[in-house]
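Dropping a structure here in structure tokens format, bear with me for questions.
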Amino acid sequence: MPVPTPNLYPDFNIVRLSHVEYAVRDIMASRAFYIDTLGLQITHETNDTLYMRALEERGHHCIRLVKSVTPQANVLGFKLFDEDDLEKAAAFFAKKGLPVAWAENDFMGKTLRTRDPWGIPLEFYVQMDRLPHIHQQYNLYKGVRPLRIDHFNMFSSNVDESVGFYNEIGFRTTEYTEDEQSKKLWAAWMHRKGGVHDVAFTNGKGPRLHHTAFWVPNPLAIIDLLDLMATTGYVDNIERGPGRHGISNAFFLYILDPDGHRIEIYSSDYQTIDPDHEPIKWGLKDPQRQTLWGAAAPRSWFEHGTVFEGTDVLEPALSAQPIIAR
Amino acid sequence: MPVPTPNLYPDFNIVRLSHVEYAVRDIMASRAFYIDTLGLQITHETNDTLYMRALEERGHHCIRLVKSVTPQANVLGFKLFDEDDLEKAAAFFAKKGLPVAWAENDFMGKTLRTRDPWGIPLEFYVQMDRLPHIHQQYNLYKGVRPLRIDHFNMFSSNVDESVGFYNEIGFRTTEYTEDEQSKKLWAAWMHRKGGVHDVAFTNGKGPRLHHTAFWVPNPLAIIDLLDLMATTGYVDNIERGPGRHGISNAFFLYILDPDGHRIEIYSSDYQTIDPDHEPIKWGLKDPQRQTLWGAAAPRSWFEHGTVFEGTDVLEPALSAQPIIAR
Amino acid sequence: MPVPTPNLYPDFNIVRLSHVEYAVRDIMASRAFYIDTLGLQITHETNDTLYMRALEERGHHCIRLVKSVTPQANVLGFKLFDEDDLEKAAAFFAKKGLPVAWAENDFMGKTLRTRDPWGIPLEFYVQMDRLPHIHQQYNLYKGVRPLRIDHFNMFSSNVDESVGFYNEIGFRTTEYTEDEQSKKLWAAWMHRKGGVHDVAFTNGKGPRLHHTAFWVPNPLAIIDLLDLMATTGYVDNIERGPGRHGISNAFFLYILDPDGHRIEIYSSDYQTIDPDHEPIKWGLKDPQRQTLWGAAAPRSWFEHGTVFEGTDVLEPALSAQPIIAR
Amino acid sequence: MPVPTPNLYPDFNIVRLSHVEYAVRDIMASRAFYIDTLGLQITHETNDTLYMRALEERGHHCIRLVKSVTPQANVLGFKLFDEDDLEKAAAFFAKKGLPVAWAENDFMGKTLRTRDPWGIPLEFYVQMDRLPHIHQQYNLYKGVRPLRIDHFNMFSSNVDESVGFYNEIGFRTTEYTEDEQSKKLWAAWMHRKGGVHDVAFTNGKGPRLHHTAFWVPNPLAIIDLLDLMATTGYVDNIERGPGRHGISNAFFLYILDPDGHRIEIYSSDYQTIDPDHEPIKWGLKDPQRQTLWGAAAPRSWFEHGTVFEGTDVLEPALSAQPIIAR
């Protein structure tokens, strides 16, 4: 099945991915990881919650943690362009027979709470509290110097269908992997904000959240993080990398937080803003699509993910996940 | 005068700045500068012209040079979102009493040729020839490793009015400098594509083109270019930098091409895509707005610019250009 | 067996490692690898030989290649301080019953040709042709920007004895790995020139040359080389890395030349010049000694090496080479 | 006058420069500068003193501060190879009619206290307290990540004579600037430890200490320091740079501590260990010798320096210090 034609005029205008809420078992352990090690900035905290932003963000938070007995991803948040878009989004999801509710979130204005057809919990909003800019307070730059949230990556039990749905709401495909035999999509990267992706989907037991990514200024920040994690008790939280992705051309590192939520540190993909930007096709058997330099990803990277709140996980449409080694 | 409220629904949808055409006196001298030294890629050349793109661009060119006896800037190009936008743009400029013509450019589809109210020659198009991607042909990466065109910066004889006009066609202000006494704008940075700017205006004899900027991956690429220029006969073409801008927070270098056209090498500004992104205000007397680290710019940087084709240059509204030194 | 006390007053004064001669099967294939890809500079070439230097070296060559049907390492070269040292070295080796001959090498003055007790072919010299400096000809900087040869690493069938011999001729141990059970040395790093090592020995079938290393300015040069190799047909020549060594603290990459000679790209170890510089001890079971970040080396890295000319390879003293994975 | 022939067999063996003692007016202000901003590590402190080391150093300190009403440089320290060298050094200075005394310094063994012929206070020692290595405690890496002390640079009233004296005690010249007219030395860089210099002398009112330099891992560490200083109240302490020196080829930054003691941040010069390493000659009129990229140094950089304890300052032999601008 080919990649669908981009929908340049979707029913509502999504500006970008915005934030994720994770359930974690130990707020202080998460704080040590996200604040003291990665270098995210606290914007609000209680005994049971932790709100954070990255260094160039002015919205109140890009990640919030809530204490829970079971780690999971509670919701993925997206920012809409204008108030009208909120109503149009509600109408769109209602028409699809998907749940529509209005959430009362701290630090955010009116917020639509819904799910995608596979049950991934989503929230859309226009207005979040805006904070003073701190990107030139260089004494705050620590750890990996996270500048902004970059994307979500999800396991999907049917990538063709996931891509179809997210294309309908305006996400445009920039790169994709096709199973040479079945001609079905193995994976796809889709954007709103002009980079390689705001969301990506990979064939696997889904829906599950594979990772949330943060943008950092350059590869040396990633090397600094590796040195720091390796010598402060986090060596076993380093899962894969550093390396250059074939897909996206970004420099990357994958790490696991104390609850096993996977975080990607990501730098230097490219601008995709042109509406006639042609997606790049990769073959499933090309070992350089995952790591341009040829190194294989570990098995855990293909299998482990975070379950979404209230969502059943299905077997994937395509089988035989290949672990590609040189 | 305050910065105007962003016009979120302009008459036509500009995606981004796209390209510049410079008149140069010696194509081979320019080729040595742009191709052999900066590392731009030739996409077409004749005895009298040179077309180039940067490494991640898929459009045919971001800069074209035409041989001429007098150096000048012939036109600034912008990409529109859809065919409808081309008609809407023509109607908008016609209604303003500005010239409207349809250009026949090589390698481009239908192209609107017009001018802004001060005579700056502009062209708008939807479709340019698309080329195969080369961003992973790393043997092509040379010089400063230019990835894409980033912005134009212009002298304006009346920054408040320039900002008013460009705001009307959808450019949103991200940062600005206000003259503390007159409360008039000294300079402003305005974007379409989600960075700090596609266009900027600074008080001065105008309209003139102050510089065209290219985005590079990190500060080390800029240091590499400095080392290369300093030892290949271009030391006198280094005008200012390297440094960190206060405004934009970008790492920068200013150089002059063989005809005196100023090129900025630019890296690492920040994402501004939110429609409620608040502009940052700087005072004219703040020496860190130009260089965060405090170094003064040379006099030439405040005075020298490239004249636009067929356009009269006016005296600036604000006088006493301050050369700020620590 | 403990690391021996440094011999601060050896019989003769070795300044530093200097050069290696490799036998290769196809000079043009090696030229494409070393010159076009790594960025070493040709200083002399014939149909059957290729001499190269790195960018800050003034000696005529740090590596010479000679065409042969069988790949091997023909000799390791070291520079002595003064003419007297050459005679003293000859006397030392003669007294040990090791071969002593005077070689006639092109581009070098009087050269002592000998072998260590395990048969590793060595040559010592004082004077090599000096070339004009090119370290500020930045148009020559290509590939990984190799600045100088840094060290040799060898498999030894008896590391304790190898360390004893090289200590006697003045190499001082900076770091070492001890087998916790037998208390024997598994590996040791030994220097003359003030870095972590000029030579290193690791337990294994030996003597064989594990790798020759080149110093590069920073980790980004290594990332550039990876991008280049991955997209110019050399992806299968990337063996291990990039990463940070625990031992030496250097940023590293291991690659294989067209004949399987292993080259390390190496950056940023530390100064060890003090005569009372204490060596650092590592345990054989510590997975971070090889890669601080925890990633395991591939099996080939533990097993593959280059045979020395005219030398028998013996089984190692210690068995059970551990391939350490996290 | 030509550069003297290197003295390969001086009377005593200096390993390297080791440490400096500065008199400062406010220990807490200095602590904020050296510890909190530069990132040096405290090894001992009292109300009136502060001892520091850089991240890869194992000697107890490379810089010590003592509270005083008048800022000055109290002494420059050098490490000798062996106990014999201490006696030989004492004999050498005594024979020259220079003062010889044995200091009782905390954290150091037997220490010879003397002066050079112009009165610069020097101390020589073999043994300083050795501390555990911390170079892999990456949570300590802050500020500019200083790795080790690199060199001292001094104003000399007669550079030819200074070079003659330091050559006699074994410092070898790597680069020098000659006054084209008088054929006298304007400046010279001299080493013991295998880099471009441990000491340098420049024509000027002397003797005075121009600066002490620290080695950092790469140019990005210097950019990080500039960003930090520019936004934490130290913008006026940034004096010159960043840039690439012509002489030494190093990437540099000059800053001033709260008492006006100048510190250079220095990275990436080259190895000079060969005894036949030929010095590089520069002309006084070559503007690229100071900054390869052509930028002029500010007047303060040519005029300001730190007075040595108990030493008279003389007018320079050569007049008309040129401030070279492009």
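Every chain is named by a letter (A, B, C and D) in the order it is written, and numbering of its residues begins at 1.
Criterion: contacts are C-beta pairs under 8 Å (C-beta built on N, C-alpha and C of every residue); 3 or more make two chains touch, one makes a residue touch a chain.
Since the model is a prediction, treat every value here as computed from it, not as a measurement.
Using CA-based centroids throughout, the chain positioned farthest away from chain A is D. Pairs B-D and A-D differ in how many C-beta pairs touch across them, and the larger number is found at B-D.
Centre-to-centre spacing of chain A and chain B amounts to 32 Å, using the average Cα coordinate of each chain. If each chain is reduced to the centroid of its CA atoms, chain B and chain D end up 44 Å from each other. Chain A and chain D have Cα centroids separated by 50 Å.
Residue numbers of chain C whose C-beta contacts span two or more other chains: 136, 218-220, 227, 230-231, 292.
If you check the complex, the residues on chain B that touch chain D are 219-220, 223, 226-227, 229-231, 235-236, 238, 242, 244, 251, 288, 292-295, 326. Against chain B, in their complex, chain A makes its touches with residues 8, 15-16, 56, 58-59, 79, 81-82, 127, 130, 133, 135-136, 147-148, 193-194, 217-219, 246, 249, 268, 270-271, 273-278, 280, 292. Listed in rising order, the residues of chain C touching chain B in the complex are 136-139, 141, 218, 220, 224, 227-228, 230-232.
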